[in-house]
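Structures follow.
Two complexes, one shared chain (chain A), two partners (chain B, chain C).
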Partner chain A sequence: MNVTIALITLRSMLSRRRALLLFLLPAVLLSLAAALNITDNTEPGTAAGVLQQFALATLLPLLALIAGTGVIGPEIDDGQIMYILTKPIGRHVVVLTKLVVAIALVVAFAVVPTLVAGLLLRGTATGLAQGFTVGVLAAGVAYTAVFVALAVASRSAVTIGLLYALVWESLLAQFAPGARSVSIQQWGLSIADAITSSSAVEATVRTPVAVLLLAAVTVAGTALAVMRLRTLSVASAE
Partner chain B sequence: MTTGTIHDIGYRHYQGRRLGRSYLLRSLYVHNLRSAWGLGRPARAKVMPALLAAIVLLPAVGSVAAVALAGEADALIRYSAYPTYLQPVISIFVATQAPVLASRELRFRVIPLYFSRPVLSLDFVLAKLAAMTTALVLLMATPITVLYVGGLVNKVPDAGAHLRDFSLALVGVLLFAVVLASIGLVVAAFTPRRGFGVAAVIAVFMLSWVFVQIVQGIATARTQFDLAGWLGLLTPFTLVDAVQVRLLGAERAGGAVPPGALGGLVALLVCAGVVALSIAMLHRRFRRGADL
Partner chain C sequence: MTVLRLENVSRWYGNVVAVNGVSMEIGPGVTGLLGPNGAGKSTLIHMMGGFIPPSSGTITLDGEPIWRNPAIYRRLGLVPERETAYDFLTGRQFVLAMAKLFRLPDPEAATDRALALVEMEPAQHRVIGKYSKGMKQRIKMASALVHDPPVLLLDEPFNGMDPRQRLHLMDLIRRMAAEGRTILFSSHILEEVERIAEHIEVVVAGRHAASGDFRAIRRLMSDRPHQFLVRSSDDRTLAAAIIADGSARGVELTGKGVRVEATDFRRFTWLLPRLAKQHGVRLWEVSPADESLESVFEYLVAR
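== the complex of A and B ==
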């Protein structure tokens, strides 16, 4: 961890329009949850649907994508990363710092809103809010590690990330059940399922497997990012 | 006291033909259309649009193959529903390519170079919108045409109805394209930083879609079908689908749509409003980008 890099990254992520996007996404989830709370639409099925479809399957991948690629992608693109890489700081320190900042952003803008939305919808009943909070946190860490690695490895990281999150995990999983077992979203859902006693949540992957896979993906993503950053060649911007 | 004199030092004046506004407009349109597909840009920029177009085409080819092999005409995907079924991929295409058209010149602050030539700022914006619309029409009309031609080749019954559905679906595709292009370009023009534009555009499409799906689900569960239908106007794909269902006689593809011909008319008006508003916003944005 390098505090200076962390602060610079955080400042660039939270400046002006970018921050607006980060605030707007969870704001939609929170206002939806608040509206459902006021209009008394808080059946277990509805609450689980909102948390699963909105928080876990849409908000989380988008936010992890923005945070994960945003902490390092633009800097590599415009060559500013050189100012960090030419300092006597280990590449693994750079990657870990960026990863920690991205995870902190995901926690602030996806995990905490999920908890609040869950509490608004169901309170602490059947552990639904807690389950999804832990599930979103675990999946968020894995997503962020994968997207940071993508951002270091490829210039079209955002598009590849979107293809994975929207086409593979959402579109394909509807038609091909096999795609569901290789999906960070489903692993996160499996953890949520293990914690909550609500029957409205049903996962296809067994929880120990899910935990193991999430940890493996996180470690592999981080390691890949470090390796790619060691041999990074900076070309000119598009 | 001496007065200055201006000497003619022999610069040649341009005496050729002036090509005029329509030439300018056409040049800008062609340039933007090419760059939307990555033509005239490095090979790296061609990969993504080509890959996404291939993914969009895949189900159509698969569907035609199913008709050819199994001989079941029902296996043909409905033309009008195709864009809604492929919504995530089409959204990603808009998200990755709209910033190419709307963000790059703003990011590199080269707008003044355009407007120091006789280019009207409105023409500049219209050319971009028309180019993005055409790119999207190409993306969506190709698989639908493959479906139709595949159906013809395999001699599916009721050719007249197929021709009617196909041509109405093409009208729908045009409407899809112009609405998606408008929204995509506006969002991209207001988030010029690389990567963020893509995320912002996709966020608008996907969040509004999931939001509407959830709220419509609740409204339907409470048997408020009209309310559920009107809520469909809040997300682009269902908005255009409403016009298709209510005015073009298509079957519903995604979420609920507003009732009656009135619902279709209102949806069409909303589409027109979205397009007009985004032209105005883009115009303002690029005029401001022209200030140094």
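== the complex of A and C ==
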């Protein structure tokens, strides 16, 4: 972890126009939760639906995609990464720092809003808010590691990430049950399910398997990013 | 003494060979890497800076490999051609961040020193995005000098600079070299290279075409056959006189004038007005027909 790199990364993330999305998405979730709270629509089914469909399945992957690719992708694209790579700093430090910043953004803009939305909807009853908070956090770390690795490995990281999150996890998983077990979203849901006592949450992947897979994906993503950054060829100007 | 050594270095992208079997040794002082656009200069500098590995051959700094060796950057400063720095930072924040990344004992003092070196103190608190091209080049230079490296690589540092900024940077590079540093910069403009480089390496189409001090390169370049188009009041008489002298290899009468291929550039330029005067011919126009740098380079490669 390198504080200087972290500060530069954080500043560039928050000064870009993309940063608006970081604020916009959780704002939608919180407004929705607040509206349901005011209109007294807080039965377990509705609350679980909002947390699962919106917080875990939509807000989280999009935010992790913006944060995970944003902390390093644009820098590689326009060559600024040169200024960091020409320093006596191990590439693993660079990747870990970027990852930590991205995870911090995911915590601030996805995990915390999920907790607040959960509390607005159900309070602490049946541990629904807590369950989804931990589930979103665990899935968020894995998503972010994958998207950071994608951003180092490919220039079309955002497109690939969107295809994975929206097409694979959301669409395909609905029709092909097999695809469901290869889905970060489902693994996160499994953790939420293990914590909450609410019967409105139903996971298809067993919790120990989910935990193991989340950890494996996180480690693999990080390792891949380090390896790719070590041999990153900055495209020649010619 | 710091020496950057390239041994039989090649680099290809798929089927395209960007750099082909280049060997050279770059020592203290200013070395100019000269070549037309697309010759492989940037690829060479990127390999020397450790951004891309050579496909074959080795590049070492005092015997240590550069590729996948981040520790080398303690002794190497690099100014990339691309203009982008962190545009949202001020010049000072940027240089200070670089100083901290080098883990210098006193980053603030190092920043002050680097900013003073490139004379950027007055603008240090402005955001880089608002800088002119010349200022951006100088702040990049400061960031590359902040850790006082013995070796400095500059990729096309004069691109987009106005004449005053150019002179300023040339002066700065000369001062850096006077302190005993090894400096390499690339350029496609002979005049730039000639003005500050003690030593010139010429690269054309990925190959190492010539090496030496600028006088040797200049001579190579001016000794090649030069083509001129001459228009005069009596082309036929002039053509006969040029042929009789022997400083031209070929003379051709065309509808547009006399096309002359001079073998001895200096003698021909000295001779032409005298011949014209002697034979009572008025010269309307003398224009070089193939003075593009590319044709000069092509000639060097063919040798």
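We take it that the second predicted complex is superposed on the first by the 234 of 238 C-alpha atoms of A that agree within 3 Å, B and C clash if a C-alpha of one lies under 4 Å from a C-alpha of the other, contacts with A are read in each partner's own complex, and residues count from 1 in each chain.
One rule holds for everything that comes next: a contact is a pair of C-beta atoms (placed from the backbone, for glycine too) under 8 Å apart; a residue touches a chain by one contact, two chains touch by 3 or more.
Computed from a predicted model, the values in this text were never measured in an experiment.
Bringing the complexes onto one copy of chain A puts chain B beside chain C with no clash. After overlaying the two complexes on the shared chain, residue contacts for A:G70 are found with chain B alone; chain C is out of touch.
Of the two partner chains placed by the overlay, only chain B lies in contact with A:Q53; chain C stays clear of it. In the superposition on chain A, A:R11 makes contact with chain C only, not with chain B.
More residues of chain A are touched by B (comparison of chain B with chain C).
By the touch criterion defined above, A:T231 reaches chain C but does not reach chain B.
Once chain A of one complex is fitted onto chain A of the other, the partner contacts of A:M82 are limited to chain C, with no touch recorded for chain B. In the superposed model, A:A19 lies in contact with neither chain B nor chain C. Of the two partner chains, neither chain B nor chain C is touched by A:M1. Of the two partner chains, chain C is the only one touched by A:R91; chain B is not. In the composite built from the two structures, the nearest CA pair linking chain B and chain C is 12 Å apart. Applying the stated touch rule to the two superposed structures, the overlap between the chain B and chain C interfaces on chain A comprises residues 78, 238. Taken together, the chain C residues at the contact with chain A in this complex read 18, 37-38, 40-43, 46, 49-53, 68, 70-74, 76-78, 80-82, 84-86, 88-89, 97-98, 100-103, 143, 155.
By the touch rule above, chain A contacts chain B in their complex via residues 17-18, 21, 24-25, 28, 32, 36, 41, 46, 49-50, 53-54, 57-59, 62, 65-66, 69-70, 73-74, 77-78, 155-159, 162-163, 166-167, 170-171, 238. Remark: chain B residues 41-42, 44-45, 47-48, 55, 88-89, 91-92, 95-96, 104, 190-191, 193-196, 198-200, 202-203, 206-207, 210-211, 213-215, 217-218 touch chain A in the complex.
Note for the complex: chain A touches chain C at residues 2, 4-5, 7-8, 11-12, 15, 78-80, 82-91, 230-234, 236-238.
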